[in-house]
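Chain lettering (A, B, C and D) follows the sequence in which the chains are written, and residue indices restart at 1 in each chain.
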Amino acid sequence: MPGIVEYLILSAVLFALGLVGFLSRRNLIVMFLSTEVMFQGVVISAVAFAKFHRQMDGQAMGLFLLVIAAAEAGLALGMVVMLYKRRGTLDVDVWSSMRG
Amino acid sequence: MTPTTGHLLYLVFALGGVGVYLLLPKGRGSQVRAGAVLGGLALAALISVLATRIVVTNSTTAFFYVFSTIAMLGAVRVITHTKPVYSALYFVLVVISVAALLVLMQAEFLAIALIMVYAGAIMVTYLFVIMLAQQDTAPVCDRRSHEPFLAVLAGFVLMAAVAGRCGDLTTASGDTIAQASPTKATLVANVPESSDVGNTTAIGRAVMTRYIVAFEIAGVLLLVSMVGAIALAKKKLPTETVEEERTPIGQIGREVPPY
Amino acid sequence: MIEFLTSQFGVSAQFVVSVVLALVVIGAMQGGVAYCIYFERKISAWIQDRYGPNRVGPLGLLQPVADGVKFFFKEDVVPRHVDKVLFILAPGMIMFVSLIGFAAIPWGGQLQLGEKLVNIQVANPDIGLLYILGVASMGVYGVVIGGWASNSKYPFFGAIRATAQMISYEIPMGLCILVVVLTMGTLRLEDITQLQTGYWLGFIPQWNMFLHPLAFLILFICVLAEANRAPFDLSEAEQELVGGFHTEYSALKFGMFFLAEYGHMITSSALITVLFLGGWHLPWFSWTQPEATQWYAVVAKMGVISAKIVVFLFLMMWIRWTLPRFRFDQLMRLAWQRLIPVTLALFVLTVGLLYFGLHRSPVWALSGNAVIVVVMLVSAGTVGKEVTGRQPNLPRIQESPGAAALAGV
Amino acid sequence: MMRDEDILELKAPQLNPAERLFIPQILDGMKTTLVHLGKSLLTKPMTVQYPEERRTVRVDNYRGVHRLNRDADGRVACVACHMCSTACPAHCIHIEAAESPWDDREKYPVKFDIDELRCIYCGMCSEACPVDAIELTPDYDLVGRSRQEMILGKEELLSIFDKTKDVKPRKNPGITGYPGTGDKPKAIESSSEVPKQ
């Protein structure tokens, strides 16, 4: 039986991969996908804690994580569509000119 | 000092980091093959390191390895694929394997909720947007990454911190933290593992009693984000792109005399 | 034999029954799907005063075999411009999703095996209903990926339409199912079936259909939309989009899309049957009561649920050959401006009844439904735009300047 | 000149509340289709089961496959005058004429090909024929495995005559219907006797 350490390491790997993707990719949509990968890692660790502490708090947290992810995805995609309409590209570097 | 599991994990993560670095799109000169080999090695090493700890082997263990491998490979492809559509589909794969892992942890409700919300709704919306915004050739932002080395370094530092902590944990005799230090939460919302109360009922009770305020706030959050998204989508924005000069229709192609 | 397996290999009787049932159901479904196509053609022919397929075998009954052989041996064209991996993946995906939805359907109550009672169900998870919903929500991927990978105009339109349609109709569908879940208080489909086996006034079966007819109707509409059936088959619309998402497909891949549609129909019919028509329950027939656990009772129950599924399949085909297709804005307006408000009202009604403990009382539920229908009628008559008519966002028709401009040149 | 009062403005009729619900309309339509379904199950549909059943066609004016008539001696009745190929709007008749071996006519066709795929079955050829040698038969199931096969030659057209002469007797056999005694063909000389259609 895998213990909590295995689940935690898996969740950390997913989180780190999401982080790397978020930092390195330049496509807005892929960046948001990377944050979703990070969410998956967090869900795994929350549920793993719930299982090994034998209570439901972690699963409730997982549920709220889902809510946050859904809200974030809705807004983020709305913004991505808006940005794409303006500039015709999904490249984040195009938007770095906002720094002035 | 004898090498502990923690030290081994540092090595494994370093290897994996190099692999991911090589796999990240860097325009011309990406060493995809070398990256794939290194990443695969790191994965195999990670599994074998973890396997040394596992005492009881049963179907749960096997499923854990299968689905965690799929999840990690899928996540790597999400961040390294040059086509956003494939990234999104690989992410669906990650979601499904994570859901399977949740089932292994007896969190069936959350597993199905994950599939319904992520795979059923969020990713379909992502695909929708990706399709609307697709271009004929892969744009440069998909083919070149942004500071891949620093990004991988940041990821490695994170993993190293986790590995150090997990390395400590592995030296502890007990497998579960719960036995070592029961938290306050454990005492308050204690649900015995083998009860006749199903997972759905248990999570419902937790959400409706202990987390009722958070639950309501989550509902409000969803409502707000829905309103925000509609407001964003409704707004008509002037496009800044310059219309490219079009050849008048009559000048395209060859003049064809009437029949 | 089951005793042998359980004693020798340590597997539970439920496991053996599940495996056998999975094989039987998938096999039966393949055949059923093939004959669905036959009956679709027959029914369309009868409605149009024709004979339908009658050449292959007696009454054309071997037509599905001939079709299958044709699908196998036709040339499998993969156009050069497609995204190969996804193009090949899409039909498999849609087929897979349409097949695995079966696992949670209770086919025949419980069976007495020696000392134990086993469920005639591949799996009876705590979350059976959610499992089916989750699988159904994955169904859109095959369509979307197929349409996108074809890299061609019409399939792409089909895919875009399919996404918007599926996401929109999942909301009223989920709300209708929630109404049932609130009334029954469980997500296990077997329990939902067993809870519907009583009688009101001693003779009306306690099927949810008589408790929430509006939810039943709306769920049926949403199921039509989810299965891409006429009048909601906008993603394949032959007349506008050639074949929609499967325009570029041929031979076996096209056949898989075709079979998946019927598989989806069968699963959805089974779901509606379990939720609203009492599953395997037939009133006053002692073999189909939950207490009957003999093997012949199980067979009778399977027959009853199959008959109910067939009724729904016939209804779907009948509707397909009667009603014309919606326009896309009508489709969207129907979902967002009509079905979602109504189902939300139903949901609130059910929650209210649940609060007062009246959720199983047909008088209260039916009068609540009646109030909602009246409000819907009044609001449809006074406010809001009708579902039909000209699209409101189109520009006003103006006299074409074309002729004058040409004359000026 | 169009006046303003001539213009009728049509407005789409408004739906009443029941119609906006669509349910009565839908039920109405479904009743119609159900009635048709029941009718086809109880009675025999009108469909003609083609290879076993055949439509009854009017023999005298149905325009099917062509035939080339024979005269009373069994010779081809055609005199290779090219009238039919001239009249043919689809240019599907090809005739090669040669000097007749018989003394009752000057020419006869050594080759008489009709491209049945090109033909539009208008019947102009038989209208044009001065000796009523080419006619359209009531045969409508003409099939072939290749385009070449669908170009019927003289022998095929004559054999079609042999097959169909009982169903549809030859029109005006008197025109070229002499016994082969070497008599001058009267009918050709007095072509005004040929009934005009």
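Definition applied: a contact is a pair of C-beta atoms (placed from the backbone, for glycine too) under 8 Å apart; a residue touches a chain by one contact, two chains touch by 3 or more.
Only a predicted model underlies this, so the values are computations on that prediction, with no experimental measurement involved.
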Applying the touch definition from the top, give me the chains sitting in contact with each of subunit B and subunit D.
C
Between B-C and A-B, which chain pair shares more contacting C-beta pairs?
A-B
What's the distance between the Cα centroids of subunit A and subunit D, rounded to whole Å?
74
Whole-Å distance, C-alpha centre of subunit A to that of subunit C, is 33
CA centroid of subunit A to CA centroid of subunit B, Å
7
Building nodes from the protein chains and edges from chain pairs that touch, which of line, ring, star, complete or other describes the result?
line
Contacting chain pairs, sorted by label, are A-B, B-C, C-D
Per the touch rule, the subunit A residues reaching subunit B in their complex are 1-10, 12-21, 23-27, 29-30, 32-34, 36-37, 40, 43-44, 47-57, 59-60, 62-64, 66-75, 77-82, 84-93
Of subunit D, residues touching subunit C in the complex:
12, 15-18, 20-22, 26, 29-30, 32-34, 36-37, 39-41, 45-47, 49
Subunit D-facing residues of subunit C, complex:
43, 45-51, 318-319, 321-323, 376-378, 380-381, 386-390
Subunit B residues touching subunit C - in the complex, by the definition given at the top:
85, 89, 92, 108-109, 112-113, 115-116, 119-121, 124-125, 127-128, 131-132, 198-200
Quick check: in the complex, which residue numbers of subunit C touch subunit B?
86, 125-127, 130-131, 133-134, 137-138, 140-141, 144-145, 148, 156, 159-160, 163-164, 166-167, 170, 187
